[in-house]
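Two complexes are shown next, each including chain A; its partner changes from chain B in the first to chain C in the second.
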Partner chain A sequence: MDGTAAGGPAVNGAAPGMPPTHGLAGLLLLADSRLPAGGHAHSGGAEEACRTGAISGPEDLARFLRGRLATAGRVAAALAWSACVAAHDPKFPDMRRPNSHNTAPDGHAHAADAATAWRLLDAEADARIASPAQRLASRTQGRLLVRTAKRVWPSTALGTLAGAVPDGAHHPIALGAAAQAAGCTPAQAAMAAAYTSVTGAATAAVRLLGLDPVTVHRVLAELPLADLTDSVIAEQHDWSALPAHAAPALDLLAEQHLRTEVRLFVS
Partner chain B sequence: MTKALVRARAILRTGLDDRGLTRIETMRSDPPLTLRQTAPGEIHLVSTGAGPLGGDHLRLDIEVAEGTSLTVRSIASTLVLPGTGRSLMEIHVDVASGATLVFAPEPTVLAAGCDHRMTTTIALAPDASLFWREEIVFGRHGERPGRCHSRFDATVGGRPLLRQEFVVGDPESDGSPAVFGTARCVGSTLITTETPADEPKSDPREAEVAEGVAVLPLAGPGTLVSALAADAVELRARLSWGESRVSIQADSPARATVGLRPPASRFP
Partner chain C sequence: MSANHDDHHDAPDGHGRALRLGIGGPVGSGKTALTAALCRSLGPSLRLGVVTNDIYTTEDADFLRRAGVIDPDRIMAVQTGCCPHTAIRDDIAANVDAVETLEERFGPLDLVIVESGGDNLTATFSRGLADRQIFVLDVSGGDKVPRKGGPGVTSADLLVVNKTDLAPMVGADLTVMSRDAAAVREGKPVLFTSIREDRGAHSVAEWVAGIVESWRHQHSHSHLS
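Take a look at the complex of A and B:
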């Protein structure tokens, strides 16, 4: 299973035979900052960057967001894409797994296998987030998103994921599973992950520095969200080979932020 | 004049001698990757040629056999130069049960115009011990670096421990306060530690952070020291500080070989 043409329209989205609006309503709801899943409490390192002076105006913010998108955003998009493909696949988890035995995809054995596969994808996310502060922020947001999404869009995949990773799956994985539940394609899940990797930080900077919100929205509009998402989808890796772009400055900011006394944002 | 593209593959393997000590089983140099034994269980990489230059493909395989210890260093930094196409340096490492590998070469310096790819794949047995330092310098003094894409993958018993990629010379991330900021070098040291599962829940490993450096306990059995700096000297100082904060087992050969002091009290 590699999500290419054989995966069909439900997987790829491009969708011969699908209505042009396929998945869009779910995507809008998921990506909306008003989704009650706690995303507004996180600045993705922007609060600490503002405090230390690394971001002091729209130009710095633009560079911050471009770098964030090219690293954490790329990784998040790839993980969300993979999680959404997995949630869509009726044969999951008999895919992308070393030593996968071809047991029939039904019953308890299947549920246990699916849980194992979710934990494996979650471990791949863990290995890509060196900073404990960032892992905590990612799991906290993932847990809240799964809790919310399970009530909004009840689904098997979300239930299995919540059971497999009770402390909270990493946010991009939760987002991928929630996207499937919301009727989105993996491409839309990847786009939502790329989008949320920069919008929270941008909004935080507006609030912290009193920047002009229109200027900041223009910065967001100029980010290469679609190019990034397209290139992530085109790569279509095994889980072990998914992008792993590191951002050492974000790691430092996240750890310093936890140790800063006065904080408006959780991360 | 065009230089012939270099294809080189050097191999390094350890084994146990009849007294149970580490001996170098295989030491195959392939210029410009030349290996020299400088002490028992210690090898220095001696570059016997310029580069890598664009188009060169260099590969180093390291196998550390069960119960043996190996230290790999280098005589000088590696200067990556432009040439015909992209240069590649790939390192494949296997560290068996009860074995220790210390890999601490001098930095890789990215000269202007270079186009370099580095891949490192490390497979560790569950009780293998690793100290792996990697330093990348963005150009010689006052020089803008070329392009470099590095990927590092370490697994323990087949489970992912750390996967990270760095891209230098990409307009999307260069100068970004989220990625390297104003730094001119990036470095990291991966040190394996005891399995978190063996630790009491009440004693979580704490991250530590100082100017330009963080000590980051990973989700798996390892700690990453990650640093950014203005120059190679500052980078090494920051990494060394972080390395000294990592509590690896006191009797680990890794500690003795890299001269790590026991960390100062974590709760002063």
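Take a look at the complex of A and C:
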């Protein structure tokens, strides 16, 4: 892929001719924990890890977050990148292979085809999330994000996605579509997904254990967010070959969490 | 579902949906008891749904289910991630989702009550979530609480002062509370209750029935009439 979609906006990070601030305002709004899309009530397994003692201080938390970023974070970043590329492409739907298009004679995809393609990408996300509890949490967050983003940044892609997966697309898919609507590049969508894969868990640990928030922010600052995002972008997989790093510990934490009577977070 | 499905919930205008009533107030003031009382009084005449925001567990939702005042399926519990005020004011997404789920599943409804997790005097509901709100205090917090004000006490559409039966025991002067509340609320209504003695909270139920009636009048679809 050459970094641009025919007739459409540039889709890669450092696109020539784009001002250096391109997409950044949207990225900041989208990644901000104050975005009113329900994210504040999800801990990404951190609540259960705190309850069982797996996380008891900043060192444990740092290990937990590195693992989360390298697995769930990497998968989410790749899915969000793919969703944002798809949403940017005027010839969407057939994005299974980035350079093959199956479009109507006028060059525009039929809405029904686009809906089918969104469902296909969503199914790729589903196949990469083993735990039913995590699937539920991901779809809940995706549904709330699409609903919020549709009102903040109305767009064709978000409307089609909402119609295609009415019970809620997986969160990274929703994030990629929302990022496009917010004017972000796919690289920025991938970064937002990597970032939100660790920040919610970190904040939850601060609230639950009373950890020093400055210490925890230093932990976040030392995570390889940029390296991970860069490597995800460099791979640029077909949908079927997107990364599928499993994290059995996160799956187990999510399942245990759903069965725990006393819980403050949704996941 | 069509890709061009027109989601009528996108805009928070009130047409064709239930009145959304927020019930907020400090821990232990009687929010859940009031919710149960309203279900008891209004259930026979109105189509109801309830969303609870427990601080943790599903204690409040379970209390309501056990009370048998409403079909248990019409109660949804929302988790708030340690921040009950965030879930009703700054990031209302999960609560709006729960309200809309109830309306889709059981609608049309007349009234959806959203009970907040117990919080402090600064907690109020976003207008994007609640059309009207009740703030519940109880006398055992001391009769100075209305004077101290705070957004909940001053701005709620109705202030309920509960547990009046305890006033003599805790040395709370109801006259002082009434005078102070009237002063900080600039004429908005205040009702004194003892839900333990009046299990239907009838004065509050009457006020709620009134706002549901005027809501219905203002927001009915003209093309349906």
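To be clear about the criterion, the second predicted complex is superposed on the first by the 245 of 267 C-alpha atoms of A that agree within 3 Å, B and C clash if a C-alpha of one lies under 4 Å from a C-alpha of the other, contacts with A are read in each partner's own complex, and residues count from 1 in each chain.
Heads up, the rule we're going with is that contacts are C-beta pairs under 8 Å (C-beta built on N, C-alpha and C of every residue); 3 or more make two chains touch, one makes a residue touch a chain.
Keep in mind the model is a prediction, meaning the values are calculated, not measured.
Following the overlay on chain A, a side-by-side fit with no clash is recorded for the pair chain B and chain C. Judged by the touch definition given at the top, the superposed model places A:45 against chain B, while chain C stays out of reach.
In the superposition on chain A, contact of A:22 is made with neither chain B nor chain C.
In the superposed pair of complexes, A:266 makes contact with chain C only, with no contact to chain B.
In the superposed model, A:159 makes contact with chain C only, not with chain B. Contacts of A:171 after superposition on the shared chain: neither chain B nor chain C is touched.
Within the superposed three-chain model, A:115 lies in touch with chain C and out of touch with chain B [touch as defined at top].
Of all C-alpha pairs linking chain B and chain C after the chain A fit, the shortest spans 14 Å.
Overlap of the chain B and chain C interfaces on chain A comprises no residues. Those residues of chain B lying in contact with chain A across their complex are 151, 153, 158-167, 170, 172-173, 175-181, 183, 186, 188, 207-209, 212-214, 216-220, 224, 226-228. Those residues of chain C lying in contact with chain A across their complex are 1-5, 7, 9-11, 55-57, 78-83, 86-87, 90-94, 96-97.
Within the complex formed with chain C, the chain A residues making contact are 34-43, 111-112, 114-115, 140, 143-144, 147-148, 150-151, 159-160, 162-164, 166, 204, 207-208, 261-266. Chain A makes touch with chain B in their complex at residues 45, 49, 54-55, 60, 63-72, 98, 123-124, 126-133, 135, 224, 240, 243-253, 255-256, 258-259.
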